[in-house]
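These are the structures, in structure tokens.
What follows is a pair of complexes built around chain A, which joins chain B in one and chain C in the other.
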Partner chain A sequence: MRKSFIAQNPSVLTFLLCLAAFTLGVSLLAEGFGVGLISTSFVKTLGKTLCLCLVAIAMDLIWGYCGILSLGHFAFFGLGGYMVGMWLMYARTEIIVERSLAQGVIPPTPQEVVDGIGSQIFGVVGSSEFPVIWMFSDSLTLQLLLVLLVPGLLALVFGWLAFRSRVTGVYLSILTQAMTLALALYLFQNDSGLRGNNGLSGLQNLPGVTAPQSAISLWFFWASALALALGYLLSAWVISGKFGSVIRGIRDNEARVRFLGYPVESFKLMLFTLTAMIAAIAGALYYPQAGIINPAEIAPIASIYLAVWVAIGGRGRLYGAVLGAAFVSLVSTWFTGGQAPDINLGFYTLQWVDWWQVILGLSFVLVTLFAPKGIGGLFDLLKRGDKA
Partner chain B sequence: MTHSLRIAYRQSRALIACGLLALSLLCLGQPLAAQELGPLQQVLQQDADLIVKSSRTSIGPVIDRIVASGLPVVPAFLSAWQDKNIWQREADGLFFIATEGEGRSYALTDLDSGSEVGTAQKDALSQLKPNSGVRGLIATALVQFQLSDPIRANREAALTAIERRPAQELLAPLRASIASEPDAVLMARKLRLERLLTIGYGADPAERVAAITQMSTDLGVDVRAALNPLVSTSLKVATDLPVDVNVARRLVPGTDIDRLQAYDMLVAADLAPARRSSSDMKSLLAEHVEGGTVGGVALARLSNPEARIIAYAALVQEGKVPALVSDEDIDAALGAHVFFETYAEPSPEVTDAARAALQSIATRVDLNQALDLGLDAISLASIYFLAAIGLAITFGLMGVINMAHGEFIMMGAYTGYVVQQVIPNHTLSILVAIPLAFAVTFAAGVAMERLVIRHLYNRPLETLLATFGISIALQQLAKNIFGTQARPLTAPAWLDGALVMNDVVAISYIRIAIFVLALIFLGFFLFLMKRTRLGLETRAVTQNPRMAAAMGINPGRVNMLTFGLGSGIAGIAGVAIGLYAKVTSELGADYIVQSFMTVVVGGVGNIWGALLGATMIGTLQKGIEWLNPSNTLAAQTYMIIFIIIFIQFRPRGIIALKGRAAGD
Partner chain C sequence: MSQMNTLLEVSGVSVSFDGFKAINNLSFQIGPAELRAVIGPNGAGKTTFMDIVTGKTRPDEGRVLFGEKSISLLSMSEAQIAQAGVGRKFQKPTVFEDQSVRENLMMALKAPRSWWSVLTFRTEKTHVARVSELAEEVGLLDQRDRIAGELSHGQKQWLEIGMLLAQEPRLLLVDEPAAGMTPEEREHTTDLLVEAAKTRAVVVVEHDMEFVRRLNCKVTVLHEGSVLAEGGLDHVTADPQVIDVYLGR
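Take a look at the complex of A and B:
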């Protein structure tokens, strides 16, 4: 009999314990609980970081375990954000419009309310009609379903096309990058129905909720932590079973797995779609904390950064992806946020805002060359140290 | 304060002038008219008031009278007037050409004799300052004199003036000047202009139709500008179709014109009562709220549109609000009137001919636009080809995914910019920049190959990531050094302008230069690969590195040189791209995806594939832009989707390697 998947991955329990301790610690110290050592904006940053860890896990599944370097997973992440953003924006505008129309003597008809919302949301792109893609935006349930369905369907169709014609390796990377670019360019248009380059904004306000941001930020922080925990468990389960063995086999020698009779394309397609959905959930939790989403978020470079995080953290191990995403994104925030002190070299003042990208790029080259296992590789060294 | 003072001063001055005039009249005891005035001066004095207070609306007849006098000095006077050189002597109201002399004194020149007749202080003169509208009319009047001017430049200026503001009265002088035109070029221009003026202002329809037919094969924008006003229509409504106007067509409400729009026209023409929009209805309802109900309907129920109609109907019954216009009312009103479009031009022969001519011109314009589009596509393809040719070497031949390729293009462009800062001569600086850009990026490429890529030859996905790291580092470095704003890379003056074939087809010399450059590179690449030792060794290493090594080729050295070569070509492409696009740190990133697409679509490992790929992508993008000209973003989106689908059918590109060389 097979061991349970948790027994196979002892890191799962450690990870869950660490995550629980971290969540508890942040919650107790946060403004929302009155201690106030951690500001609301920093709680949001931490919550967003947890979402980035989740999408990094998805990336690790598809790249670290199956060898498909997808440069499109941040597009799925963004799509998830757009789907939930549509409901947030619609519901919030609805409240505002209803309140302003209620000022009049005659109560408004439903049509007048919808027209008012339409001109509020789309006035910025010179329109007031609701595009077809907004047809479910008044229903939270349906829109949450779309968070899974739209990116999932896109991944399914794209993956089916790509895997069926046996596009592999770097070609697949370039193709996914092209898909991401196409999506971003499409969303940049004003008539895309998603407000062009203005994107969706005001997402940090939960419609109908009067609680202060300090409380809302904690709720989202908890939701992100829960999603990360569930995502980690799901991923650990996926990679530990027979499915996991097959996809690792595909990574190591695709042709051999095919000759053994496994439908390689179906396995890849399933994993691609599953990870796209995980990415979309991460995005749906991320953007309400960020408050705004626009097409620039989806640009191909974001997906490449995702790959960078996973590579720095260490591919092929789930906690590596989490470590990489958390470490690089937090350090990036610190350096580019202007908090890091400038270094005065006498003849030139080194400003971190300007030089952080250079250092990141070069450190990335160094990691690829000299530490292909990333930060996660350090744990191997520790283990070896124990045995010796 | 100062203003009112000035007015007071002027008034007092005028009083003194009047007094002096009266005094002189008294003293001399003879009427002013008896003075010896020149013929032009006499003509001017008749309209002196209108001339001094000239306005666009009133000056026309005055100018006509001046011109009609037929005096030889009229053109000189008109151009002096236009140039604000005519001054009026306040003492006697006579006009002179005044030129500024010593101090505040002006030398006065008589209009008729052209001889100097004395000087006057500035205080005693007032300048005629025709506004731009009046000057335009003067210019039009001047044109007929300039058309036969002995100086060629003046005649040319006159033709330009006519082209800019064609007018009926210019037709006759233009025709008169054609026979005496000595210059062949101007002669042709005059003949063409005569035809165009005839279209608009010819005396009888037959003459105009002839001119229209004659010009119906001409692609010039001016021909269309002359024809378009003839076919422009205005939408009108009447109870019966009038007989005295040139009707273009009748419109049936509901099919040719929206019913409600037609009804609104009736309302605007006071032929029907106004419709009530739902917001009008809402505000009228709000005005008649009585104790929580409107027309007997509770306020809370009025969120239902049907309840609103019931409430409004009740109000109508009480006579408090005007009745709603029902659909039947609208239909009845529409049925009782005719809607039609009329031409401003009264003659139907002329409008028919103009329509036919415009149609035949439109067909030709379409054909020429297709040609223009083809040229655009070729030039875009050459840009993609230039950007991709270096990749065709590093990615196509060596299989190295170099995400920093775009940054090599950027480095080349910045090299060009820096060279231009040192060498101000644009031609020379470009000639220096091209080899220098090659040297810089060649060195960068070699360094990158030695330090990074060499260690990753069997890990292509990691090459992608490592080169991406280099790419973001280089981009940020460029930002730190050159700032975020775009830097100019100016093309030499001889590349300015465009090769104009007609008013539709034109291609800028810079694009031709880029096309030529792309051809040169293609030739260079073919020569290098097929005719040189390096090419032979490169091909050998590409096909089988171990076997090549066994034959005494050093694969490391060949790889290094090949990669350097691909990078160097990217640098030169950067100079070319920088010439027509702004140089920014993102210049390369803008081309990187398209470049990879070009190589993948064309077929990896084959230069002809890259050429075909670039042609296909360039043509596609221009073609889609032509279908939806307002939206280049959409064009790129659809193009990428098309490419993703295309790869379904030819996964290995247009030109796929066959057999063992294809590998797997």
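Take a look at the complex of A and C:
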């Protein structure tokens, strides 16, 4: 079955081959392998970019294919990051605390260790008690499960309430913005249990692993590439065949799909939850590479950027979403990272950090107006060129 | 055929929108294999009647019973009613323009409708054959791979009729199928509907008297939300009340 599925979708195979070649190329040139043409920090940037491509695929599924303009998928992305961050922070602090307590004359009791970890982690928010939500943080397996379960459950409850009341279009978009804003504001509070605006930090260090960052960065890069490949395959399978027909039908004429006998709400709910979980996995891989997560990451603007990437890349095709996310986020890193030289016009100095936002906003408007198919639309031109 | 002589029974149904009585104590019955034309001036409640049967609009009072077991359609969702065997064709052709004729028909094909069964659905040879058969029936066999948006207006109407037949409904509600069609297209549409009504109930809402005459069936005249007259076309067109409100203008 898999074979025929790939055969029916040659673009999937092309994409996977390109991704494999890219991963191999970066790995060989990376510092971790000795050639060192690509710095560790750039490997991390590329790894993070792959995660952004994955969340863009999720966005394309829900928006490009099903027509639900969710402006809240970064909330799920961030939650995924928080869930894996809790274990990373706990386990690493545990090692540090145990090491420092071991220097005392009397061996520490388990309670002393836990108290030590607590005051290390929560000292910044004036507490040393573990909040209830950290109850599983000592178990990697459970926290990894929570990466899927917490965002999945949030999406399920939110989606159930919204879709059941037949909230659609711009109203739904506003609701999703409200959701991510509410979550961000909640997490900003010091007593939210996730260290308020400090967020979780030091996530780039894998507890108990002595390998240098140049190697760890490559592991995460590979993991991100693998996750992107699997996410792409899963999404391509979901949108192929009848299920894809139905969700595109929902996008184009929801009422008609209902009169064909399909329970539209449950299709939307399923897809909303699935894409939330894909976003969560992307986030869980992203933040260990970023090293830090704080509530500002899930501010409403982040989810809007996500929609911009997909629009510029070309919604309604998976590789479009990947291209858009990769292109825009990399260019954005370049412009805002200080690498782009400022332009002195004599009377005014053009600083890219500020002006990049203007360019991005303008290109979003231009793409929407004049090239609704985005970057992905260029491939149609190529195909047409072949036939002619 | 079954012993049942009524497939759909609508009785004493009323619905009002902001005080305006769109449907007023309407009663209507149709047998399991019957063709029926519903006519009436604008605002007579024809579309609202279809909305009630398909679950889009909930009536304020009355009963809508369907099938041998006389299940009430009033407590069911649109999707459930469609699954129970009520198909509807809208006035404007509403096919999925982005998708091919084949995909449109495949989507409509009778099969389990839950998201899980759709996700795990595998196209069998029988499905492909049935889709070709339907495409042939509505005259779109050689258009199967075309994108529905590229079809002519008449072809879209047929595709939609094909999709309805694919659903294998027991009751088909068709809203102005001949609107915007050429005379030849109308003839083909008439044949399709007459053929369909041999095995199921078909209700056709139509403005065009010539088209209704060609359907050669019992006619129900609606006026101000209730039934004004019912019977053969010649019978109702001779009715002075009908002439007064509808035909005389």
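Observations, loosely collected:
Note that the second predicted complex is superposed on the first by the 385 of 388 C-alpha atoms of A that agree within 3 Å, B and C clash if a C-alpha of one lies under 4 Å from a C-alpha of the other, contacts with A are read in each partner's own complex, and residues count from 1 in each chain.
Following the convention adopted for this analysis, contacts are C-beta pairs under 8 Å (C-beta built on N, C-alpha and C of every residue); 3 or more make two chains touch, one makes a residue touch a chain.
Note that the structure is predicted; figures quoted are calculated from it, not measured.
Upon superposition of the two complexes on chain A, no clash is found between chain B and chain C, which fit side by side. When the shared chain is aligned, chain B comes close enough to touch A:Val358, but chain C does not. Touched residues of chain A, counted separately for chain B and chain C, are more numerous for B.
In the superposed pair of complexes, A:Arg258 makes contact with chain C only, with no contact to chain B.
In the superposition on chain A, A:Gly249 makes contact with chain C only, not with chain B.
In the superposition on chain A, contact is made by A:Gly241 with chain C only, not with chain B. Using the contact criterion defined above for the overlaid structures, shared-chain residue A:Phe267 touches chain C, although it does not reach chain B. Least inter-chain distance for chain B and chain C in the combined superposition, rounded to the nearest angstrom, is 6, based on C-alpha atoms. Contacts from chain A toward chain C in the complex involve residues 1, 238, 241-243, 245-246, 248-249, 252-253, 255-256, 258-264, 266-267, 270.
Residues of chain B touching chain A in their complex: 282, 285-286, 289, 294, 299-300, 302-305, 308, 401, 403, 452, 455-456, 460-462, 464-466, 468-477, 479-480, 589, 593, 596-597, 600, 631, 633-634, 636-637, 640-641, 643-645, 647-649, 651. Per the touch definition, chain A reaches chain B in the complex via residues 67, 69, 104-111, 158, 161-162, 164-167, 169-171, 173-175, 177-179, 181-183, 185-186, 188-189, 191, 300-301, 304, 307-308, 311, 354-355, 357-365, 368-369, 372.
Chain contact summary for the complex, chain C toward chain A: residues 54, 56, 77-80, 82-83, 87-88, 90, 94, 96-99, 103, 106-108, 113-115, 118-119, 121-123, 163, 167.
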